[in-house]
Amino acid sequence: MTDSLPPSPISCDLDLARDGAQHGFLRLPWSRDDSAWGAVMIPISVIRNGAGPTALLTAGNHGDEYEGLIALHDLAATLDPAQITGRIIILPAMNAPAFRAGTRTSPIDGGNLNRLFPGRPDGTPTQKIADYVTRHLLPLADCVLDFHSGGRTLDFLPLAACHILPDKALEARCREAVAAFGAPYALQMIEMDAVGMFDTTAEAMGKTFVTTELGGAGTATPRSIAIAKRGLRGFLAQAGILAGDEGATTQAAWPETIWLDMPDGDCFLVSEEEGLIEPLVTLGDPVMRGDVVARIYPFGRSGRMPLSCHARRDGIVMARHVPGLVKPGDCIAVFAVPVS
Amino acid sequence: MTDSLPPSPISCDLDLARDGAQHGFLRLPWSRDDSAWGAVMIPISVIRNGAGPTALLTAGNHGDEYEGLIALHDLAATLDPAQITGRIIILPAMNAPAFRAGTRTSPIDGGNLNRLFPGRPDGTPTQKIADYVTRHLLPLADCVLDFHSGGRTLDFLPLAACHILPDKALEARCREAVAAFGAPYALQMIEMDAVGMFDTTAEAMGKTFVTTELGGAGTATPRSIAIAKRGLRGFLAQAGILAGDEGATTQAAWPETIWLDMPDGDCFLVSEEEGLIEPLVTLGDPVMRGDVVARIYPFGRSGRMPLSCHARRDGIVMARHVPGLVKPGDCIAVFAVPVS
Amino acid sequence: MTDSLPPSPISCDLDLARDGAQHGFLRLPWSRDDSAWGAVMIPISVIRNGAGPTALLTAGNHGDEYEGLIALHDLAATLDPAQITGRIIILPAMNAPAFRAGTRTSPIDGGNLNRLFPGRPDGTPTQKIADYVTRHLLPLADCVLDFHSGGRTLDFLPLAACHILPDKALEARCREAVAAFGAPYALQMIEMDAVGMFDTTAEAMGKTFVTTELGGAGTATPRSIAIAKRGLRGFLAQAGILAGDEGATTQAAWPETIWLDMPDGDCFLVSEEEGLIEPLVTLGDPVMRGDVVARIYPFGRSGRMPLSCHARRDGIVMARHVPGLVKPGDCIAVFAVPVS
Amino acid sequence: MTDSLPPSPISCDLDLARDGAQHGFLRLPWSRDDSAWGAVMIPISVIRNGAGPTALLTAGNHGDEYEGLIALHDLAATLDPAQITGRIIILPAMNAPAFRAGTRTSPIDGGNLNRLFPGRPDGTPTQKIADYVTRHLLPLADCVLDFHSGGRTLDFLPLAACHILPDKALEARCREAVAAFGAPYALQMIEMDAVGMFDTTAEAMGKTFVTTELGGAGTATPRSIAIAKRGLRGFLAQAGILAGDEGATTQAAWPETIWLDMPDGDCFLVSEEEGLIEPLVTLGDPVMRGDVVARIYPFGRSGRMPLSCHARRDGIVMARHVPGLVKPGDCIAVFAVPVS
Amino acid sequence: MTDSLPPSPISCDLDLARDGAQHGFLRLPWSRDDSAWGAVMIPISVIRNGAGPTALLTAGNHGDEYEGLIALHDLAATLDPAQITGRIIILPAMNAPAFRAGTRTSPIDGGNLNRLFPGRPDGTPTQKIADYVTRHLLPLADCVLDFHSGGRTLDFLPLAACHILPDKALEARCREAVAAFGAPYALQMIEMDAVGMFDTTAEAMGKTFVTTELGGAGTATPRSIAIAKRGLRGFLAQAGILAGDEGATTQAAWPETIWLDMPDGDCFLVSEEEGLIEPLVTLGDPVMRGDVVARIYPFGRSGRMPLSCHARRDGIVMARHVPGLVKPGDCIAVFAVPVS
Amino acid sequence: MTDSLPPSPISCDLDLARDGAQHGFLRLPWSRDDSAWGAVMIPISVIRNGAGPTALLTAGNHGDEYEGLIALHDLAATLDPAQITGRIIILPAMNAPAFRAGTRTSPIDGGNLNRLFPGRPDGTPTQKIADYVTRHLLPLADCVLDFHSGGRTLDFLPLAACHILPDKALEARCREAVAAFGAPYALQMIEMDAVGMFDTTAEAMGKTFVTTELGGAGTATPRSIAIAKRGLRGFLAQAGILAGDEGATTQAAWPETIWLDMPDGDCFLVSEEEGLIEPLVTLGDPVMRGDVVARIYPFGRSGRMPLSCHARRDGIVMARHVPGLVKPGDCIAVFAVPVS
């Protein structure tokens, strides 16, 4: 389908086929009131050492999810090409305007990059980024690691994830890559609303694809950053790009990854009300169906009893709402079930 | 000085001298484009049972600090007047517009309530709130508990705090009230920039005053809320308002409160740069002068080494910067010294 | 055409086939900066009593048109299923974000819902609402009543309306439904710019369709609300859903509905200037071609004579511009001709 | 007090002492980002014919109240100096930036001009306007007519008003001027929150002062404009400036003015809730204490019963809330008592 | 392709086939919150005198480029039909909302008109303008002159330009028209990113097309306006519409037009950094590859050496960045090579 | 007066009394929604070499005036302490937030720094900057050079300026310093609205004070920067701080400075209209009283004749309006008279 599209207006100032470490920009023309012939500059690094597999490593798909942004900036600044076999392409801030603004979506066009794949070369700036990645970078890659966390409004148990796929061989490869990432938790999921996702686009092209949710609340911690850095090296080692002794073994792995499952839509607890939220459970806590997991104090007069929010299934708290206020439609919590 | 001021335009629809539990509003006239004869409605509860001391309990001084907001809404909704002796006046959302917006300062006038005391009756809406509290509520109070935490941009070790004061008898009373609050940490401090603070205004009127920093990051957790609720009851019990068996003993106290000191300005680590911040230490971690406690990746090209931020003194991490991006002038961390 | 579209991302938490009164939400996933996994919650009520025709009742197509919003909230709260035969599906605030904001269009995406039918499941949130109504609710309906009035910038004589249609049998049914609504005025019109309208989409599916213009100026009055409530019951009675003695007879009908016609484009008087507008005629006033119906004082120096705006045809004033200022392109007035 | 103030930065390009009709500007320097050496231009007209009293006529004190704006633009454009004795100074848009924006308050500085008298020459632009009027125009005037109506958010019975004053001779003069204005209703009131009002400043200087509330809803109608124009001429005739046969007699007066009284604070009905408002009474309707005068449907789920708002005293509806949505603190209605 | 599109919603109130001078509007319906049935009004003038060629003259394609806006307003106000043979259609402010706002793009929808050709009748307002011009005005024209300059963020040597085209006969006609314009500089260029441009659309229809860059910096000067006015008359004379003695000879032509060439992408110098920019060369200056043409002082601490920006090829400065600050992706300078 | 003020909250991290070159920050605490304990960081450099006079050099008083910003950043980065005798204190971006935003006034509080002197330590951030400069830096200085130009909305002939002062000895010193600056033009003026200016505050403390207007239009050119750099060195040489051979002689001076006078208020030409402006004269052009110096095309219909703007006195054009659109109250041009 994409073959009939016009060429991408984005240009890259690196030679992706050259050995060594290079750092430059994808340049996306963006004519606007404050820069008639301006451009969006998206940093890119490529590190190559001879023949071998190619990994595409991305963060900043959402601009306020920080573990991957830090781990990939660190990798780009410190990795010696001699340590690898093959090629690593790094987009540490894939939606660069969102990263710069500290927001999930692009301040330029409101675009949520992970809902706009495979993109369009003649669309919005965010669609143009998706299109360039789809048509120019994904075809070069054998495996893809796309870092996420909860952003400013959600917080997650640290996990790596892959999808249940029709292509079972691909599914197995993805699952192995998740295991190699070695996060405290792992999740294998069916995506319910997969339209526009980077994941779906890459998987449809047969690429080994790993995504993560490593924390959130609009911040990163030494622990969540360590999980990202360690997982990144485990992923590259498993892909055969990073020598083993530069990879997983350089940092202590978690003793055991707990695999999680999300059996149905009752995993999601959504608010119908607005007000001040009092959470009664937090990440990792076990809950039983019917438990009161949060209370909401409506705005207005004090002295009124809060509304109770009940869990709709048994499980553990995998994700939680962060802001102190809640709006109708907000996700209060996500519950998952450990796989025995 | 305040005696020559014009009367406050704020009216209260409760009779603060009446026994029982009442819930109503402070009504602050606010004529504006979208409501010609509109008003700001500030919820207030008063719970009284005969003669006895009066406690003024406030939260929402900053609108994005949630532990106190929750604990006071809970108290107003559940406290039976029969449980107390004296009077409790509760302003669960003192800067109501800021609370409603989920912001530190008021969306109406940009006012930071805790920099505008003692306020003005003919000033901005936020100044009018400060003035009403100063001239109409503080005079009724024997003791004051003002809840804070770090808000959306800072996170704190959970602590209650009082000031080093010229009036040593008052200082001792405040210190006892902090101890009764029973948080995991306690801080006795000299305020460097005390102009406009609620604390200063209340202390100058001889009131026992306790403030807190109970967490932050724009959220609250079951643990931080429990500290707030337990501390609130400990404070009221120590003030002689809440019977002991309704107070501290109803919830398990922390085994031991650790007192902290902030000896000098080197406790504050301020960023001179902007970029993506990688924290290397977190709350409670010990640091030595010269340790690299954070790294900053400047915006722009990837592949560059980050800038290092060094601790300027020994101590433990008492507060930390939350957002994943940092700006020049942002507080990266605050260090404190445990008092042996 | 719509059959090849992807499924709607909207889910409904009601069982539309069940007897009784149910109240819930259409849930439209809306990932955004302030709620990563958030949703738009659109209230929906369904009231059913056995077999029989289905009426789809909608208001809040534009968010600032209040008579229908009130009449449908009232109906949903008070109608006993035993009073009806068949089913009533109520969307009291079809463009819920616009209703919540008090604006014509959606604050989320700027969408004017009544220009976006039949919608798209992969478009903007407003397009997704249109698509869900088109593909999931319209097919269930026999007749549709969509409430409008002038909103904040126009004011109308209270009228119900239908279109002149190629399908004369459908046109006759619509005309009878307008008569049953029983507003003081009725209008049968040719829509000049019908692209994207709910009306056109429903009529193309063969549904009896009635729309209204019941007042405006961003407000509702006891009289205009009474017209809406009475018309609503008349419409349902005529459709065979509401028993006659629960319908039109419960409230005094207008003695006579005056039918209006809009013969040509000269019915619209458009301003070419900006300034302070002085209306010389008001709703229902008769005008002759060439009459000065308004004067405009340009901004700037006082002491200048105003510009005169002349009626371009004979008629009565059916709609008028509300705001005290006028801009180039604003509709100053609409004239219609009573049908003898 | 004002004598020690620095000079006003505002200059007037008219000679207010010259005979004839002149039209020009008050020029208020306003340096800003989009005009380094810019100015606010406030239109002013002066019409003089020999010795005699001076009337100061103002509208646009609030920028969205249109009857006076129209009547004064009309007067400035059409009055022949030969028709008068003395002098008329016209500020048709006193808060010119608010008028230009169609808002109650100034878009420049948020200033509500009628809360900022007597103003400051070194304050905000709105304060500078108040100061210039206070120190340069009020001293020239014998009588002042300041036009108001309800603006975009309130609607009033058409009335002229004066205050109950300590100086009973002045009060009598004001009352006579209100009578000469000849609106359908008249109101004599005690101002509860008079700080910053133009009224108070003018009355304190001993000027005959009349204010009005002539309608509202952000619009004007032929009837409300006629009341304004007729009242204006009646006022000028009573002041001895306009010859009788040019004054009140040129337009049919209302047969009888109904005087109203506002005995206490229960005249104001204020909302404590937010939601969709259904008014049950309208302007001029009689109400009894306890009557349900409005219902409020909270946002969210449909199918819930609305909240009822009860009148707190007997009276007639003198003013009503306009927008279809209501917020906590909004004035729902004002009740007054006809004086027998 | 465009034949299957729905009809344009834009109407024109002029008869383009009538002799004489007419001035009116293109009316684009634009329903919105502040005008439910509002419209965008785009001024249009047509001046016709019998049979003969038609020129379409446009300015305000970008709203902040002023020479053409002035020259076409002047022409529309002063041209006597008797002076011409044929027809001139003038759109002095093609993107009228952008012109009114003083911005490159439309404040309504963010549309950059010159990236949205050939437009859509069912798209955004800016797309609707492009569609109307493409389908209703371009077919009437023999030749098109579209005025541009650098806008607020770029400044250019004054030049007229045409494209290198596959149709060499058309290319020759365009080149002759550029020569007739007679600006100090002329440019023949290959457009690298021609998608959406007015130029491309007109050329594809076989129209003689001339564009210009006549200055910039968000302003116009007597000299740049004179170049526009003289070029406009030269263009019309060469097209056989304006008699020679009314055309080029009425104003002194530049003695010689210097033709420029842009051989490759190295003509563009783009910033990778943000900061305070110190330009070292200006318009018309010669540069050699490697010359430092600008320095950038990064924000933050003073006392640091600036970054140097080097020319990537020999040439003269044809365009320069205007604002005192520079952002990553901004065009610092454009270099061109005089054709010997 | 200022002695009774509270201490400034601003701290400086440099030792201004130390020899050598130091670069650091003034730190202004600024608590806000996006940084609870944030600060404004204002860069400062001090270069000292033993005893001698002190010069205070400031730019960025207005944030969009670039010549001084560039010259002072250059000086701070390149000046060797050995080249001077005494001390130079450099504030290259005095209103740092305005500089960072590229705006005349502060984006934080709207403050125009040059209207807020002498400032307040308990006021807005901009007032706090003024207060710190007044109370902590001005007392250290013997002479002050404050760089200005026209900013984004005005453009000036390049000039240095001083005031006519009551203290004739000070006036003479200022005049000598202006002469030493050696700009193409010089201006000695009476400030009409001197309230709040840095100039007035410094002069009242007896400091030699020079200000400039070196260009504008929101940009800087190689020529205007050269004037700034040369003038800066001439000023320092005349002050006895910079050795002569490092000063004026290092760059070619203008052969002759032309002194200008502004005799009266007719020097300013102010627009009463809004529209598209066509300037007929430019900087340096001679004009005679009554000359048409600009034309204004009102918005709306094309084909109308423009309004003419006439010079109100003889002179040369010293400053001009930059944007292509003009608003009522904008300064169209400033005329000055060369002193023979």
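Details
Letters A, B, C, D, E and F mark the chains as written, and numbering starts fresh at 1 in each.
Just so we're on the same page, contacts are C-beta pairs under 8 Å (C-beta built on N, C-alpha and C of every residue); 3 or more make two chains touch, one makes a residue touch a chain.
All figures in this text were calculated on a predicted structure; none of them were measured in a lab.
Any chain bridging chain D and chain F, meaning touching each of them, is among B, C; the list is complete.
Seen from the Cα centre of chain D, the chain whose own Cα centre is farthest off is A.
Under half of the residue numbers at the chain B-chain F interface are used by both copies of the sequence. Greatest Cα centroid separation from chain C: this falls to F. Centroid to centroid, with C-alpha atoms defining each point, chain A and chain F lie 49 Å apart.
Taking each chain's centre as the mean of its C-alpha atoms, chain B lies 58 Å from chain E. In whole angstrom, the spacing between the mean C-alpha positions of chain C and chain E is 43.
Touching of two or more other chains is recorded for residues 25, 41, 64, 272, 299-301, 323, 328 of chain D. Listed by label, the pairs of touching chains are A-B, A-C, A-D, A-E, B-D, B-E, B-F, C-D, C-E, C-F, D-F, E-F. On the chain D side of its complex with chain A, the touching residues are 272-274, 299-301, 328.
Residues 6, 9, 25, 27, 29-41, 122 of chain D are the ones that touch chain F when the two sit in their complex. Here chain A touches chain B in the complex through residues 21, 23-25, 41, 43-45, 64, 66, 69-70, 72-74, 76-78, 90, 92-93, 99-100, 102, 155, 217-223, 225, 276, 278-282, 297, 299-306, 322-325, going by the rule given at the top. Looking at the complex, you find that chain E touches chain A at residues 62, 64, 103-105, 112, 115, 150-154, 193, 195-196, 268, 270, 272, 323, 327-331.
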